[in-house]
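The structures considered in this document are given below.
Two complexes are shown next, each including chain A; its partner changes from chain B in the first to chain C in the second.
What follows is the complex of A and B.
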């Protein structure tokens, strides 16, 4: 006699330890196997894009902090750059260097948090997470020195920065740069060759190259699928064309590759940071920008390579002091779009691994 | 009152006290040590070195609201923690703390422990099923799959010890260990510890509660005292398997100079430390990988261990112990390496229409 089985619905979230914020996944399960999946967004929707249209350009900077709150510096940079492009503001040399330094520090900090949570989702009882937070803490302290904030930095301004780096910043940064590669080695020893991590991640949740491109995936998720695409190299902004660095890619597009690409990206960020610290010039920190900015009518799309991928801002100006249209192109949302293809056929436990390896922050997905 | 009743009463009090105190100590140790592993202080505010922390935890659990979900099967929901907890306490009846210092020296001691310990699975399944929550249901399904499967390599790994001793009595097994059996049965010890950690759902086999996946598995819906009982059960199980491993493989209460009870507790603590260490270090396996590990890796190894032990007893009864130890350790490493080459976990993906 054949035993009949019945599939059932399981709601993961909106509140769940592994949904990285408020996110709901409606799974159809056959035992432990996921046969269908429907992501339900919107539980964190705050209408930031609409709110931003009611405020001046300057007042909108804090909104960008609150998108991907683990990558506030890069968010600031992307937005500020878009406005500068729209209003034709030039940025002094020193400020550009500092922007690169802060962006790369933010990339490392974001990857550390992302990888830590990913390993937590694999069931690693917080040990790797807390190791990674040890280094993230040092970066956060650096950010605290220059901006006075630990999460939503709000440090960038149109044309430069709100203030120059404090004296103690560079020595602390140099000290951190000396120790960081050693700490990355330590994570690798703990994790990269761990038998259980390998069997839980290798070949799991493969995102094929074509699908990655078609679904507009970006950042480490895209590069893990074998696409050599990095805005810092392919559409250089700021002064990234002056630095030597490699774009890490992987071929399989599985969960392990996404992990590995991030680890290797952190090493490259350290490389960029070393060059930037060495060449950092003295001089002005702020370009010429009016107090109340009124960019000429027009539109602009400006993008940067954030820690999680291409982060773009599309702004339309009608010549007033407020943006007519304010739109974000978030990497997290688009990286999520191929989730179903990656997850169906795998088990509930793999869902957490795959979801964690995409590294999303829901603040950016829902906006 | 006859001697029997005095004996029973005294030992019941000792056992209960021992289990409760040890569990509190374990909880404290685990939190402190995992704190160290994770580069953080761990609880250190309540009392010296945070020693009052487990007591604070216990009080907090006891005064929490006891919630029973409306749609649950209330009778079963209520009974489940008891069904899970009582067998764990019963296991301690046959564990010798010193020569003959036990509630009852059963001549089928180890068989009794194995039989009683299996009942816990029913309690866990009752909890998962009666909660009427899908996370609990998944936890319960995993329970049945995992715990029932690992029972087999667990029992087989213990059989090697029984063959060497020729007795099922826990006291006799300890007395028979002129050399701790971990040296004569290293493979058996390895299989026992792996299978036992799966039985009591400790990392990397902690799929029954798998916090990052199914919230808390079978006890998702439990709160207050009922949750407390499950918590107590889990740590009492750790205590039990550490005590059994000590008795069967580490020479039990035997040791020079110190009091036997101190030796016994020290060895139990060593096993417990190892379990904490594993918990702090490695991530969790997936359910099919856990099952594959049990059936394809531990089961053949435990069978091989039986055959090798039988061969050693029959063919070389008078062999020098040192040589035997060498051979056994070499055989263990050889077989583990060999089997890890042969066995495949399987991809884990199922094609879905």
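What follows is the complex of A and C.
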């Protein structure tokens, strides 16, 4: 005799260790199986876009730190680059190199945090997270050296940086670059062939190539689905065209592939960093930019490849010192567009693995 | 390097393929009427342009109209373009949803609805995304009083 079942609603969050911030997942379940999902946002909405329109361009830089707060350096870069385009400000060579160095360090730091939390969600409580934070800490220390901050750096300025790198920065960075590949090997030894990880991630939460493109997924989520699309290569900015690196992609678009793409991206970041450190020129770190910036009336959409994907800024200037429109193109929000398709048919425990592999930060989703 | 499409050429192609549609080609974007936007998007996503990736969808509030801005990319051709439309009825702004063309529009249209009050017809679940139901007004409109 078949057992009659009744579907029911389960709310996960807004306060839950696996929701990566204040985020609510409203699930419809048939037993343990997810039949429908609705993501509910807004618990962290601070109205950053509106606030930014009421302040000067310079005063808006700290707002960008508070979007994806695990990727503050790249957020800074995306924003100042958009304003530089709008106002026609050129950036000195040395500053461009430093930007590449900081962006790639930030990518590694963000991936380390993302992977640590992902494994935590899989049930590998704390141990891998602490291993990953061990290396992230060294990057945070480097950021602390140059900006004086550990999380919200506010270090980029229109035309360059607030100050040059301190003397101790490069030796510490070189030391880190010598040891980092070994540590990535260590994570792989622990995780990549781990039987439990394989069973819980291979073939789980597949995002097909067509849907990944159609739902505007970006970054590792898009590339894990077999799409070779990286802004650093497809629409190069800063001085990325001078470096040799590969764009890691995978074919299956499952949870394992999203993990693996990030591991391989970290190795490529180390590769870029080595080249940038070797070629880093002496010179100015600040181009010519007025103290009170009033870009000519116009608009710009400018984007970079952030750790979580395409991070863009759409700015409209009306010729005053405040932006008329200030819009963030948030990769974290758009990577959630296909979440429902990825989780329907899987069980609640798989949801945590799938959701963790998307690597979102609510500061950017809610803004 | 992503190549930006030639808007004059695009206008000529669109006028040929979709007769009866009014379209303007500006220096950095293509401007269509709100009632035509769905047709235009369908054409853009099909071959040969294949604008399959909706990079960014947003709005801006101007005194005369609310502007809806589409930043589009073709992953296959590595091309980019900007499409705009202007909603002049600011008391009741509405246009067709493009979620059936790009799933990536779903959350961004909800965002525009939430913050600008633009209604997207045939959206699969149009409701506020950041603010709560019952919140009065649309904060990203310029006339929204917020203490600034």
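Following the convention adopted for this analysis, the second predicted complex is superposed on the first by the 365 of 367 C-alpha atoms of A that agree within 3 Å, B and C clash if a C-alpha of one lies under 4 Å from a C-alpha of the other, contacts with A are read in each partner's own complex, and residues count from 1 in each chain.
Throughout what follows, contacts are C-beta pairs under 8 Å (C-beta built on N, C-alpha and C of every residue); 3 or more make two chains touch, one makes a residue touch a chain.
Worth saying up front: this structure is predicted, and the values here are computed from it rather than measured.
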item: Which of chain B and chain C A:42 touches, first, second, both or neither; value: second
item: Which superposed partner A:183 touches (first chain B, second chain C, both, neither); value: neither
item: Touched partner set for A:169, first chain B, second chain C, both or neither; value: neither
item: Partner chain(s) touched by A:350 [first = chain B, second = chain C, both, neither]; value: first
item: First (chain B), second (chain C), both or neither touched by A:127; value: first
item: Which of chain B and chain C A:69 touches, first, second, both or neither; value: neither
item: Partner chain in contact with A:215 - chain B first, chain C second, else both or neither; value: second
item: Chain A residues contacted in one complex by chain B, in the other by chain C; value: none
item: Chain A - residues contacting chain B, complex; value: 8-10, 16-18, 30-36, 119-127, 130-131, 134, 190, 194, 196-197, 199-200, 203-204, 344-352
item: Chain C - residues contacting chain A, complex; value: 1-2, 28, 52-56, 58, 60-61, 69, 71, 75, 78, 80, 82, 102-108, 115, 128-132, 139-140, 144, 146, 148
item: Chain A partner contacts - residues on chain B that touch it in the complex; value: 34, 37-40, 134-135, 138, 141, 203-204, 206-207, 210-215, 279-289, 345, 347-353
item: Chain A residues within the chain C interface of the complex; value: 41-42, 45, 47, 49-50, 54, 211, 213-217, 227, 229, 234-236, 299, 301, 303, 310, 312, 314, 316, 324-325, 327, 329, 333-334, 336-338, 366-367
